[in-house]
Amino acid sequence: MHIRILVTGGTFDKEYDELTGRLYFRDTHVPEMLSRGRCRLEVSVETVAMIDSLEMDERGRTTIVERARASVERAIVVTHGTDTMVQTAAALAYARQTSKTIVLTGTMVPYAFGSSDGLFNLGSALSFVQVLPPGVYVAMNGQHFNWNAVRKNTASGVFEAVEG
Amino acid sequence: MHIRILVTGGTFDKEYDELTGRLYFRDTHVPEMLSRGRCRLEVSVETVAMIDSLEMDERGRTTIVERARASVERAIVVTHGTDTMVQTAAALAYARQTSKTIVLTGTMVPYAFGSSDGLFNLGSALSFVQVLPPGVYVAMNGQHFNWNAVRKNTASGVFEAVEG
Amino acid sequence: MHIRILVTGGTFDKEYDELTGRLYFRDTHVPEMLSRGRCRLEVSVETVAMIDSLEMDERGRTTIVERARASVERAIVVTHGTDTMVQTAAALAYARQTSKTIVLTGTMVPYAFGSSDGLFNLGSALSFVQVLPPGVYVAMNGQHFNWNAVRKNTASGVFEAVEG
Amino acid sequence: MHIRILVTGGTFDKEYDELTGRLYFRDTHVPEMLSRGRCRLEVSVETVAMIDSLEMDERGRTTIVERARASVERAIVVTHGTDTMVQTAAALAYARQTSKTIVLTGTMVPYAFGSSDGLFNLGSALSFVQVLPPGVYVAMNGQHFNWNAVRKNTASGVFEAVEG
């Protein structure tokens, strides 16, 4: 099974800029994470954007949808900031890629921090994408949700089920 | 969905003893790993053993089988050393717990090391166990294998498919 | 020898806020760092401020000077943001605590990040403070400088000697 | 000031062998540690041995003494396993390099572990070596000791003063 990972940035890829003291984006950490996970899946990593998901707009979502449509792999993982992950999931669902399994995932803490949840979530998303039927899903907190049955609880930072 | 994690030790839980300079086992790191992964699954963690899997014998495997049989949860993850993981998977398969999905996982590098694959594998195993049909599986390197279709390549450290 | 550590925040103590995605201050990491360094010095840790050094003003510096003056220990380490560390060093020098050795130190990357220089710098500052004669010093990059013979090169992030 | 670092292995440089599950030595981590500490000292790193200090014998100590004697730098840090560090310090002292300051240091936990004290100790040793008068010292736990006034307490793992 071949899997495509569409990287869009998000907390996964935030780094600390020593000179300004601010968080910023440079390159994605996904290849390093796959290496650390000793991942042996056939994976193609494609960087679509490198932004905070609060900056993700209609144009950005259109690009993600186009890249998902162009993917020859039928299993797609999208790394994405958590704040607007559900909106991007909806955009992907509206695009009706009915033969594909698409799983969005993100992190609460940047991978570059010692305490990041990133490796757990990437392992989770890559596993769900191999076995779930075609559809668009969010994988966070060890769980998976249909794209229309989930929201981020902004008070707790946890993704939770809502009636789809 | 409720999940039971049966902890048996393995590289997951190896620690460094400052006084002797040797690796040893104390308590499992699994609860800390679940916390770091912001896992929100209903999980019960049960320590069955705390040993290197080279020391796992028939008696130890019998105990694991018994604990799996006694589990009220139908989704079970077993953390296990990689060297004899496949044998324990076979023991679980022979026990014909036909209504349960059992996923064994492990790590190549102890969780206490900065470079561990543990978090990736735990996220992977917890995801597979939720969606795979009943059976006994090994989840390593981002992949899953039927218990009778996998071996550890001891030269490369990678789990690979064999004809089941 | 007893040592007092005056904590003022700075990059040392920046943490990542999962809910807002921003860096912030909570508690100091200095005790955890001393523990990890297996430090056996007699150390008293006192939090004077918990701020970015760009926010350090005259009032804040006056408080630091007062706390240094009140210290019964003659060896004092001040943890401080790097941007205005040299100004605070000057304020301490003008206060003419002529019997005390005062060493300021900081970090370029927060301790909570895997790649932090914090532990190196704290080990360095605690060592210099034990053996340097009374005076006010900056300890960064493995080096020590007299308070009036150093500046932070804001382009490179490195502390370098200037004519005192 | 130029500093020579003589690397002899010890816990500093222990790594985890994924295939055998054992700790072993490969290359020294010292250059990576200097880089992480943003060290700007003029440092030459020379690997003299790469062994557990329990395996350090007379021949090995003779080599260290010779390398210290050959060093054009008058400030020398020796990284060394903790178990026999004091013996090697004595060998260096007997060699009467009276114009040189030699500081031995080590770690309780390998640098490759998340919880290592290595960076703290290296920062400490590099600082002491710049300011202590000629002599042979052990720097551990944030403290420094004359070579003939220290022992490792094997029960606690801590270096402590003894009458010299």
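A few remarks follow.
Think of it as A, B, C and D in the order they're written, each chain with its own count starting at 1.
Simple rule for what comes next: contacts are C-beta pairs under 8 Å (C-beta built on N, C-alpha and C of every residue); 3 or more make two chains touch, one makes a residue touch a chain.
On a predicted model such as this, the values are computed, not experimentally measured, just so you know.
Spacing of subunit C relative to subunit D, judged by their CA centroids, is 26 angstrom. Taking the mean of the C-alpha atoms as each chain's centre, subunit B and subunit D sit 39 Å apart. Taking each chain's centre as the average of its CA atoms, subunit B and subunit C sit 45 Å apart. Touching two or more other chains at once are residues 108, 114-115, 157 of subunit D. Contacts between chains close into a ring here, every chain touching precisely two others.
Of all possible chain pairings, those that touch are A-B, A-C, B-D, C-D. Residues of subunit D that touch subunit C in their complex: 33-34, 36-41, 108, 114-117, 119-128, 130-132, 139-144, 157-159.
Contact residues of subunit A toward subunit C in the complex are 11, 14, 16, 18-19, 21-23, 52, 83, 108-110, 112-115, 154-155, 157.
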